[in-house]
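Just passing along the structure, written as structure tokens.
Labels run A, B and C following the written order; every chain starts at residue 1.
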Amino acid sequence: MNAFENAAPADGLTRRRGLLVPALILLLVFAALPALLAGFDKGYFYQIANLALIFVLLSASMHLVTGVAGLLHLGHAAFYGVGAYTAALLTSKLGLGFTVTLPLSGLVAALVAFLVALPTMRLVSIYFAVATLAIGQMLYLVMLNWVDFTKGPNGVIVSKGFELFGFSLSGRLGAYYTVAAVVTLSVIAIGRLSHSYYGNALRSIREDDQCADAMGVSTVRLKMEAFTLSAFFAGIAGSLWAHMTGYISPGDFKFSESILILAMVVVGGLGSLPGAVIGALLLILLPEGLRALGDFRNIMVGLVMFLSILLLPKGLLGEVSALRLVRRQLGAAWRNTGPANGKGEGIGWR
Amino acid sequence: MTHLLEIRNVSRRFGGVQAVGDVTAHVNEGELVGLIGPNGAGKTTLFNLISGFTPLSGGTVAFAGRTISGLKPNQVARLGISRTFQNLRVFPNMSVFDNVSVGAVGALPQGAFGALFGGLHRSGRDRSAEISRRTWEALEAVGLTHVAAELAANLPYGQRKYLEIARALAMRPRFLILDEPAAGLNDTETRDLAAFIKRLHGQGLTVMLVEHDMTLVMGICQRILVLASGRKIADGTPDAIRTDAAVLEAYLGVDE
Amino acid sequence: MFDPYYLQQLAIGLSLGMTYALMAIGFTLIFGVLNVVNFAHGEIYTLGAFAGLVLISATAPPIVAVILGALAIGALAGFSLERIAFKPFRRFTDEASLKSRAMRESTLLSSLAVSIVVREALEIVFGSQMRSVPFEYLINTPVRVGPVILVTGDFIIFGVAAAMLIGLQYLLTRTRVGLAIRAVSNNPLGAKYVGIDTDRTIITTFVVGSMMGAAAGILMGLYYGAVFPAMGFTPGIKAFVAMVMGGLSSIPGAVICALILGISESMATTFVSSGWSDMVAYGFLILTLIFFPNGLFGARRERV
């Protein structure tokens, strides 16, 4: 991948690669695909399209924290769940609509992330990863066991579909357009965050947090921000999911979903936003396409993830090899002191 | 009159090892100071103490009249002290430009808000432009503009050394500390580096460098501090150091 | 304090703790001693349980044979796991491989992926529902000890865990294999230079650790009477928590912390519904990481 594409939107190194690709994508998402969907007019296809879009957003939000900032996050689905529950409970308890629940879902997820991140952000390496796993599971337990509030394993029915300031968008096409618009805007926002000098500061933490610190980067604060921002977007995705399906339950947000999202980012390539998007599409659409063979979705997630780590250590488009990230995470404590390994960016163990 | 950097009775222990013991020294604005000493003398540790990497066991460090001991590395850096590392630490999976921009953005932070909406208002655009200008200036200063888009990991060793210096320069520091910048370079490269450091100094930057290459140190430094076993044993002009009995003993005592 | 109710809870907690300890011993051997992140250990446990179940439903052998079968599967699984998820990532390492501690550092994701594949494969073959173990194999005959009631399984588990702990300490400190394991763990390259076959040592450690995991799995299956594909997840987490609390590389430390964890969980269920009891483990994990980065007793060399 050309380094120019990852460069900040600097005046000299501008990443304006022409507007052709974005325009084509927008055309596809907002014209061709809806036309196709309307042509088939099968509810099931709309479901898949919406699901894929929601996971694109989840994967993109994880890209920010894991791909860019380099924090191995094993509890992302929990923040997705916090967003979904926020939307569902606001709807069922207070009768609020999507226009209000959408931003609130993001904010509540971000707030929860901020609070849990406060004590854990100083952890490094695998311990951070395990702490996020624990946090994710704790949130999951809350969804499952706080029956009075969340209705526990029975889940919550979300009686309202999509609307914008009272204007209903609840038809199949309306729902699709709502999801597509929110996801597109969010992905653009994540793109701006990661392809900016701010994103470069996050990347520097991924590469070498101590060195980044010496360059004036407030590493702890930025890690917090990345974690919180990614939870915000996961919360947004949660709200979309709640209003789209009309019913949520804790099972939608368990550990395996976190791993699914992680697999998307890893397969697509750590550090690459297009990679994260493609990874999400691949891991949602491929199992759907092969549905005839039986319910192999999860096993495929594992297989694809394994093969991509084995055969494509950098994922499809990544900046960092997954191995390298993990190695860095784990190796933070015993950084070597000799001159850096001179063998390209490839895989050369310290 | 206060010095730019004041180190007072600074010490640091690692378990049983007194890496730095009761060192008092100073650096004046505009000086080019060398720090030498045998291997394990505590030079890197002293740099780490100044830049906030290692907490002090005792003593204080003040910069521009302000106590900086106890600050975090990024706080120290934002006050204007910028450094390089003995064991070359560039960000391997980032482009050369991005590497250097981290220095600029460290000194001139762009927040998440700025990244999202900076393009929409004047001050945000100005900030990006300024970061970009500083980055290009630093790249130009070290002569790496032609590889700006290259991945840092793909650069040859010598260029990565300059990349690290450029990243430090992009912070527009008042005080630059270089830990063995010439290590691993050949004679020609070392001579170029000496000229480069002298040029930086000529532009008004205060520099302190650790170096084992005596020709380099003696050739460009105005004043030299000598550490041995964590203690300061000499402080003077190159000529004075060359003939200092304690220094000779420290080096010969170690070398033989 | 001597209220029989609390004594009973204490007993339940201890036996729960023993079950965690059972899992934690093998886990700590691989993770702590060999220093690799093995996310698939929980699946080894599940495989052990399923191996026993299949054996039981196929031939209804004596219980000792069931356990031996589980051990054999565990050994095989450990071997394959190492070959599939760990070994391939050492190929990148050329001659600096062992110095680089590559194995330990590269395999978190690959073992995670393998664990997903194994669990899902089990689900496809056996279905995701719980399968119950035939009644006559269960090890839950009540035994009255003073004021508290235990079951036979508690004693068996205690015995097995104690035997594992002692056996492992013996293996590690008194045998050549153990010496090799410790050498590889401390300094892989040095171990290689003095002529230790590091590859074989690593495999051995995996096999031994996985046999312990599988034994834990089948014992738990017989103890609770239920076997299902996702059964390894929670014990895996608990074992991890115990290991972190114990200071990462200390097997006795992990065992003690497993007991502490079990007792805390059972005491917690006195106050809150049992659904919340997992909260204790996660809470302990976070608190340990934040406040006791060196574990409750151990000294750790890493920056946490």
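Just so we're on the same page, a residue touches a chain if its C-beta (ideal position, glycine included) is under 8 Å from a C-beta of that chain, and two chains touch if they have at least 3 such contacts.
Being a predicted model, the structure only gives us computed values, none of them experimental.
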Two chains sharing the most C-beta contacts: A-B
Nearest-to-centre chain - CA centroid comparison: A
Centre distance in Å when subunit A and subunit C are each reduced to the mean of their C-alpha atoms: 31
Whole-Å separation of chain centres (CA-atom averages), subunit A against subunit B: 38
Gap in Å, rounded to a whole number, between the CA centres of subunit C and subunit B: 48
Of all residues in subunit B, those that touch subunit A in their complex: 51, 53, 72-74, 77-78, 82-83, 85-99, 101-107, 109-112, 114-116, 118, 128-129, 131-132, 135-136, 148-151, 153-154, 156-157, 160, 167-168, 171, 183-184
Touching residues on subunit A, where the partner in the complex is subunit B: 2-4, 6-13, 189, 192-193, 196-201, 203-204, 206-208, 210-219, 225, 229, 271, 319-320, 324, 336-340, 342, 344-345
Residues of subunit C touching subunit A in the complex: 37, 85, 88-89, 92-94, 96-97, 100-102, 104-110, 112-117, 119-121, 123-124, 233, 237, 240, 244, 273, 275-276, 278-279, 282-283, 285-286, 289-290, 293, 301-304
Subunit A to subunit C touching residues, read off their complex: 72, 119-120, 122-127, 129-131, 133-135, 137-138, 141, 144-145, 255-256, 259, 263, 266, 294-296, 298-299, 301-303, 305-306, 309-310, 322-323, 326-327, 330-334, 347-350
